[in-house]
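Pasting the structures here.
Here come two complexes built around subunit A, the first alongside subunit B, the second alongside subunit C.
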Partner chain A sequence: MQHVSAEHQAVVSLDTLYTAETPEGIALSLRPAGAAPRALAYLVDLGVRFGVFMVLSIAAIPLGGMGQGLLLVSYFLLEWFYPVFFELTGSGATPGKRIFGLQVVMDSGLPVTPAAAITRNLLRAADFFPFLYASGLLTMLLRRDFKRLGDLAAGTLVVYDDTVALHGQLPDAPATAPVRPLAPREQAAIVAWAGRAKRLTPARLDELAQLARSVTPGQGGDATGRLLGVAQWLVGNRDTGGRR
Partner chain B sequence: MQVDAIAVELRPRPMWEASDLGVRLVQAHARSLWRTWLPLYLVFALLALATVEVSPWLPPVLIFWLKPWLDRSILFVLSRAVFGQATGFADLWAAKGSVWGGQLITTLLWRRFSPWRAFTQPIYQLEGQRGTARRQRRKQLLRQQRGAALGMQIAFSCITTSLTFGTLALALWFAPEELRGDVLNWMAGRGQDDSVLASLCTAGVYAAVVALLEPFYVAAGFAMYLNRRVQLEAWDIEQEFRRAF
Partner chain C sequence: MTPRLFEAQNAPLWDELEQTLDRAEKRGRDKAKGGNEKGKPPKSAGKPRPLDGARLTELYRRACEHLALSQARAYPIHLTQRLELLTQRAHRLIYRRHDYGIARLRQLVLIDFPQAVRHQRWHLLAATLLFLVPAVAAGLACWADPGFILHITSAEQAQQFDQMYSSSEHAIGRTRSAETDWAMFGHYVMHNIGIGFQCFAGGIFFGLGAIFFMVFNGVMLGGIAGYLTGRGHVENFWSFVVTHGAFELTAIVLAGAAGLQLGHALLAPGRYKRLEALRRAAAEAIVVVYGVIGMLVIAAAIEAFWSSARWVPAEVKYGVGAACWALVFAYLGLQGRPARAPAPAAGSTHAG
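Showing the complex of A and B:
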């Protein structure tokens, strides 16, 4: 197993993950979000804000001069506190961000604090410079953690809060023990393989099972069936194993 | 394709996260990318800018129109970068026949209008199917992914717009306050003289923004394509199996 883990480290694999360390010394992997989804989320929020402002403008017409004043106040609040308000609610995301599965958190992985939410949104003025958020977009493209200037100042991070599950139910198979003890990563790979049985074509499933032939007991024949057995054994359904 | 040699962490991701992986790929292989693609692009952009004499709007249109063809060179570098290989201009030159000459007509005509160009480009350039097989492959890849692929393209056109106008605005910020109106008029081609020079400047800004952004855009589409193959063909599991067993 030592050999295997050394090999894993030898492969320099590129990923987007951002590692945050908790005070307890636990490393958390956060999945920061970059320029493309955030630009689209911004456009959605812009639309929402515009819609709200339109409704308010129509409502303000009968109020005359006071309506004008209220409208200006509401414009100010919409521009500067719409994101702050939504980021401090439970989901930590404006409606636009929620559509794209994004969330604002502190870069320690904790929920965003009021001070940080205000800072990162006031600093949008810096990100907007010189025009149309050019500097914000540029920093998002050039930084590994995709932070814009406001995120840098506030110590916040925009992350993905949704995950993708390709995993389904494991198909039934008589449980069999693998021929050697498996490293956690190998176990996870075999269980993930079995969980995708419904998504993949039988030919592709078998092609992958052939790769793991060295850990299944027995020779020749049905590689898929035997690896499914190992997967069942790994997830703990071992009571059916007596038949083998 | 040797999946185990892929130097990118494959795991099931939301499509948006995959597009960000493309951005990381560009950051990690920036040297290879711009060393290879910038010489080609500079020659091309200079030729395109020279057409300003013909018509003031021609240079940006030419650059915009030929982007799908230019993208092929970028994808060539990226397809080596996912295996951790560095690329120089000599490598591109050695493969110029297939990279520059392949599928010329479709690249320059109807694929220019594809709303998910970068996402489907790897099928055309790297998979090597033809005819019906390729059409089916494209359909399979796009199934339920059209929204994300289109959204990514929209996002990058917004970023292009933002950076282009941002750069022009920066020039305005630096202009003396009483001259700002004149500078703005000059940029918009409403100046008294030198309108050719003004068009050249705005087209040059657009060309520079494309030089910076195009690799990010192509890489985002390519990473989304890789993510789709994780969904369809479990490449992430193949990667794990080949490393482990």
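Showing the complex of A and C:
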């Protein structure tokens, strides 16, 4: 991911990955969520809020005018502070967002602060303008980090809360030395290829292995097996028995 | 160093960090859950060792180094990703903010809010003028010619206001019970704070929204006040609005000022990037908005339970109203100023 090269730079512009840098100089990778999952999460929350309000209304009926007053106050709280409340709890997400695996975080990748949660939710009034969150949708579509106006002002980001692991452990193979010294980039490419062995189809894996024929010792048959061996050798396995 | 050796050497450290994080995150969850549901059970259930903060930060820093090395040397991606995940979790834990609670609220009410308001004096002045000038103009127009109200509201609405503040059966507060007071309280909270939020949020459209809502509300309120005064409901109307107005009108103007601050930051970002300027302005303005919410809740309570009380003589209401205006101005103007060293300036520290 971080192996910067000319080709990679070109790929970055298609990617919506958002990088936040920590004080230690570590780059955190965040994946901003787009308009569709957020709209769906909003609809779920709308349903939840409506349900809560219905229950409260039934409870408020016997209380008469006082109940009516409390009901209006609770409507107000549900409208403005329901998201604030849930965003400040551990998961940083309303129930709707949690269903779709979303989370609100600060630009820095930290949990959202109370001030930011309140800011972003009060500015929903602006995002709603002139109707049905048109302004918010427009800014979301215009920006690669999908921020609405409230997110811009509060410095927050809605991200997917789990990272996708495309790469795993390298599969077992007897370690074999490559026939020539490899440049760091070549080494990285081979190791990355081996790390994806479990997610690619054998045919595709082999097709890619064929490209690297020139570095594997010996010819013929099992290109995949031999390149996996090279990968093992590259990560430091000098034992030709290939235990791991 | 080969990736395998690197992993073999450092895996114990990563495992320790992972376990520490697991424990800390679990504890945090237990605490949150225990607070909501029962109270103490998690204390006895999950307390293996207290979290060693110094050790955690040390582990975190080492993991950061390892991540940097792993990225620079293009180690296998699953290794890099594991380190990424660990450092992200530790980062979240270490830099989380903890300062909530009563002490924070106290600081907000006694110092931060009035200071933030004074810091905004030019936006405040602009918002006041945007509200007051249209209000006075519409008020004078409606006072001189009651028919002018029809440019502002519909005929039915005007009639309704007329009836509300007249001394008739349907007048405000005459037939109201305690229950209706509560209903009105709810209504005022919902409606007025909503207006406050609109004034603030509208500011993000380069200040235009804030300006619009300030002028709009000014014309509405001024027009109705002028109309009712012109129609001779002087005492009923002014004794009704004087007390809660101190909080309500001030709060609306403050919300407008906060909105103008957002717009100003976007129009004239100064030495920052536009969005960075917006973020800074919002962080400052939100403190004012906290105060606005508080003041509007106070206003709603006064409006529902005191302003509508017909048994209170108008003179008393005027007196209390004047006191409230003085209190609000003193609070916003004086509270939270640093005490001058020798002079015993009692008023400046206890105005609130």
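By definition in this document, the second predicted complex is superposed on the first by the 182 of 244 C-alpha atoms of A that agree within 3 Å, B and C clash if a C-alpha of one lies under 4 Å from a C-alpha of the other, contacts with A are read in each partner's own complex, and residues count from 1 in each chain.
Basically, a contact is a pair of C-beta atoms (placed from the backbone, for glycine too) under 8 Å apart; a residue touches a chain by one contact, two chains touch by 3 or more.
Computed from a predicted model, the values in this text were never measured in an experiment.
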Partner chain(s) touched by A:G109 [first = subunit B, second = subunit C, both, neither]: second
Which of subunit B and subunit C A:A192 touches, first, second, both or neither: both
Touched partner set for A:Q169, first subunit B, second subunit C, both or neither: second
Partner chain in contact with A:L71 - subunit B first, subunit C second, else both or neither: second
Partner chain(s) touched by A:T16 [first = subunit B, second = subunit C, both, neither]: first
Partner chain in contact with A:V84 - subunit B first, subunit C second, else both or neither: neither
Touched partner set for A:V158, first subunit B, second subunit C, both or neither: neither
First (subunit B), second (subunit C), both or neither touched by A:L132: first
Touched partner set for A:A39, first subunit B, second subunit C, both or neither: first
Common interface positions of subunit A, toward subunit B and toward subunit C: 163, 165-166, 185, 188, 192
Residues of subunit A that touch subunit C when the two form their complex: 1-3, 22-26, 28-29, 64-66, 68-73, 75-76, 80, 89-90, 108-111, 113-115, 118-119, 122-126, 129, 149, 152-155, 163, 165-170, 184-185, 187-188, 191-192, 194-195, 234-237, 244
Residues of subunit C defined as touching subunit A within the complex: 1-6, 28-29, 32, 60-61, 64, 67-68, 71, 73-78, 80-81, 84-85, 87-88, 91-92, 95-97, 100, 177-187, 189-190, 193-194, 197-198, 200-202, 204-205, 209, 262, 275, 278-279, 281-283, 286-287, 289-290, 304
Interface residues, subunit A side, partner subunit B - complex: 4, 7-8, 11-16, 31-37, 39-40, 43, 100-101, 130-135, 137-138, 141-142, 144, 146, 160, 162-166, 183, 185-186, 188-189, 192-193, 196, 199-200, 204, 208, 211-215
Partner subunit A, residues of subunit B touching it in the complex: 7-9, 12-14, 16-17, 19-21, 23-25, 27-28, 84, 151-152, 154-156, 158-159, 161-163, 165-170, 172-173, 213, 216, 220, 230-231, 233-234, 236-238, 240-245
